[in-house]
Amino acid sequence: MGEAMDYAPRKAIKMLLEGRFNEVVASNTPWLCVSCHTCATRCPSQLQISDGLFPALRAAVMAEGTAMDQDLQKALQNTYLYGNPMGISPKKRADWAKSAGVPVPIFSQLRRPVDVLWIVECYPSFEPRGQEISRLLARILNALGVDFAILGPEERCLGDCEWLAGERGLFEMLIERNIEILGKYKFREIIMTDPHSYRTLRNIYPALGGRFNVQPVVAFLAERLDQLKPMLKKKLNATVTYHDSCCLGRKTSHYEEPRTLLNAIPGIKLVEMIQNRESSLCCGGGASTIYLDRFIQERVKDRLADQRVLQAAATGAETLAVACPYEPARFEDAVKLTGHEGKLVVRDIIELLAESMELA
Amino acid sequence: MNIAVLTKQVPDLVEGVEIDSTGKAVDPDSIRYILSESDDHAIEEAVLLKERNQARVEVFSLQTGEVRDSLCMALAKGADRVVIVTTGLEAPPSNHTAAKIFASVLQGLPFDLILTGVRAIDDLDGSLGGLLAGYLNLPYVGLVRKVELANGAAMAVVQKEFPGGYAAELEVKLPAVLGIQAAEQPPRYVPVSRLRQVMKTAKVEEQEATPPKSESVAVERMFKPEEGAGATMVSGTPEEVARQIVNLFSERRLVR
Amino acid sequence: MSQDVWILAEHFQGRLNDITLELVGKGRELAQAKQGKVAVVLLGSNVNGLMSELAGADVVFVANRPEFREFTPEAYGAALEAVLKDAHPWVVLMGSTSVGLDLLSLLSARTGKPCLDSCTRLDIRDGRLFATSQIYGGKLFAEVALSDTTTLVAVVPGSFPKPENAAAGRPEFQEIALAALPEPRTKFRKLIEPPPGDVDITKVPVLVAVGRGIQNADNLSMAEELAEALGGTVCASRPVIDQGWLPLTRQVGKSGMTVKPKLYLAFGISGAPEHWEGMKNSELIVAVNTDPKAPIFAGAHYGAAVDALELLPLLTEEVRKANLKKAS
């Protein structure tokens, strides 16, 4: 993304050190970082570029009162009012569960401690493809006999996008509220399907008063591989390549658990893309840039998601497996745009597991 | 140059509206209040006028809903003074009653421009701006999308929206009341940290007003549009829905 | 109070707006029940050309003056206030429009007569007039019993049918005697025309309309593909236009265009009254919205509570298949 920026990060840092603050703030640079974390992973000086510099730049733009991209503004305003960027009433946050086909207990109605609190998060609660995946996970958890509950209407965005967008005040407000809600209930651990929120809850919340035992769903399921394996009855017969998302990968190092799960599914042959694990290429949806698609499209010729799909197709795989709710839609668009429709399908790991378990 | 903005809180449609047990009014317990959208635009237009001219902006609201929050938001955007007008009325008043209350509050005060949203989703008996202008004997233009000052701020030049993308440019001698449809730019964003800071330190004044004899519309009953007595719903998987809909087109020879 | 029904006429560029004819038609129905008269109040300049369209009225009160050539709330309001001072019709109907809305509130305050906005129905029961208005974005309706004094009512355009056959009557024309009006504080300067557009959507037989539910400008291309396959054009509700994703000339609704295509496909549009007003008379309305309670389903012919973003490409595919089949 540095190519598309008015001032690439290295130049921007130099300009800031020279006191040319206003120029950097007025440029498009602050808004093109997708928070893939490659820079921070490679930086020999260990500079917090994507997590520190860019949110600070964005906060400075907002403080100046410069007009903000309307899609992003709407997403932030909606999160402030309704606890989700889509602007849907929080009362409807557990509506997806009504057609799950299995019981999905809501903590406030359960009134007892549970083993596992499943924080569903915004996209998996409201976005149709995300809701599908949530329903399938509910069935998997049920099949495994997991004692779990969700927060439902009490759940609010954990704030990853808001923090990275530079809206520190909104992020702090969300943290306060979330720590308060989580403090009401007793559970042994938290699992999440949204890697962005997982990363924030695991890495950022502790310093701000919220320390929890949390892991991504792929790790939770990988722990239960012995129990899971006999349930994976259906052979799927597909060559699959797995995309390491930035938040599960570089930021939290969960490289092997997703692969363990995929390898356990009968009939699946796993192949690797040229950029994998630490060197994986971001899908381009992080750091609230998922709301800046139009902004980015006007400035970037080769979208990251398109590049990644080409890498997937080059492996000869028919299936691109993902483990982040932002990715199916982005990659499916990219599949169409790069002319691979019918040749490459995008599936979340949960979808593949559920299909093999004949729960779909 | 002094600008007054009149705002009100209305039910937030995202949270839904339900009818109460009498069947004649909205159930207040089912409502979450939010600033009326066109009032938000009125505040934005007022702040833009302040930024471009030497002007002072004061925002007034009756005491319904989370009015303190939206008045603090107005301060954070650049308003100079915000006032909650208290009347002791239990339920939100009709626009006629509200207009008379504001007329009594604003009478004799040196405001050159009074801006308010041209309509709110719960309006039944006309719009506040037009009624207020009538009571104060001031000129009024509604559905305004742009305001400029001219003649050393003795006059406002406004654009009034008409259908089909047309607009009329009118000049109005001040003082005047304008019903704002849309500000010249979308209402600006206020970072939450700034809003919280304003909420902690801001002074939100309160002013008492005696409500006039209440005038309201005699609602016989409220009802929801009949569900089902409308579209024939097409169901199934998206693929099945697509096929059924295109069959409809073919039947009517809408396919080329 | 008489049993007469008054209508405030609206005209633009030398033609009467449809709302006026719709109200004259409805006015006739109401007046007949009470043996009252239908009177139209017409303010303008050089209005002789409009008189022939008002044959449905019994009386036309006319003020033909240069100061009424273009609408200003002040001039029209002052004249109407003077006319209404000594008249007590049963009800005064006007459009809930750029013209009517300003006048409704100004006149109500100045004359002390009660008013009602957003009316979509008028019924007589037990000799009393009941008006139904839509509020809360069309999610609720309120039925109001009109009082025993003259009430001013603003009606949503398209609520009543435009009389099909031109009326054959010969109305009595009366010149309104107006004392000299005070020096106006509001003056018309000029008309701003819409920017030259690429397409006149009022002339396109198939419209693919997108609303907030389309979520972002990227998804417009899906709508454009469907429009192309159907030989139509993409249009939108106000929020999409306000975002700048499509030009003003593609806006359908109260402050945009009124369209009556053969087919109107609404994707991600809730059906708020301001939009509905602009397309309700389309021949076939099919609405797609994830909210099964969206107001648009109350009026559309067919509906589907599925995700528009998911359905759009599937529809395009099916249409292309059907086109091929037809061609072969």
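First chain written, first letter: the chains are A, B and C, and each begins at residue 1.
In this text, contacts are C-beta pairs under 8 Å (C-beta built on N, C-alpha and C of every residue); 3 or more make two chains touch, one makes a residue touch a chain.
Owing to the predicted nature of the structure, the values given are computational and were not obtained by experimental measurement.
> Going by the touch criterion at the top, tell me which pair is linked by more C-beta contacts: A-C or B-C.
Pair with more contacting C-beta pairs, A-C versus B-C: B-C.
> By C-alpha centroid distance to the whole-protein centroid, which chain wins?
B
> Cα centroid separation between chain A and chain B, in whole Å?
That gives a centre separation of 37 Å.
> What's the distance between the Cα centroids of chain A and chain C, rounded to whole Å?
The mean C-alpha positions of chain A and chain C differ by 46 Å.
> If you average the CA atoms of chain B and of chain C, how far apart do the two points sit, in angstrom?
Between these chains, centre-to-centre, one finds 21 Å.
> Touching two or more other chains, which residues of chain B qualify?
16, 186 - these are the residues of chain B that touch more than one other chain.
> Hunt down the residues of chain C that sit against at least two other chains at once, touch-wise.
307, 310
> Where in chain A do residues touch two or more other chains at once?
70
> Quick check on the complex: what are the chain C residues that touch chain A?
Chain C residues touching chain A: 216-218, 243-244, 290, 307, 309-310.
> Could you please specify the touching residues of chain A with respect to chain C in the complex?
Listed in rising order, the residues are 70-71, 128, 293-294, 297, 333.
> Show which residues of chain A lie in contact with chain B when the two form their complex.
The contact residues of chain A facing chain B are 59, 62-63, 65, 67-68, 70, 73, 76-77, 80-82, 87-89, 91, 167-170, 172-173.
> Which positions of chain C touch chain B when the two form their complex?
Residues 12, 70-74, 97-98, 101-102, 104-110, 114-118, 130, 133, 135-145, 147, 154, 185-195, 197, 206, 230-231, 242, 248-249, 251, 254-258, 262-263, 284-287, 292-293, 295-307, 310-311, 314-315, 317-319, 321-323, 326.
> Quick check on the complex: what are the chain B residues that touch chain C?
11, 13, 16-17, 19, 26, 95-96, 99, 118-119, 121-135, 139-143, 157, 159-173, 176, 179, 181-182, 186, 215, 217-227, 229-235, 238-239, 241-243, 245-246, 248-250, 252, 254-256
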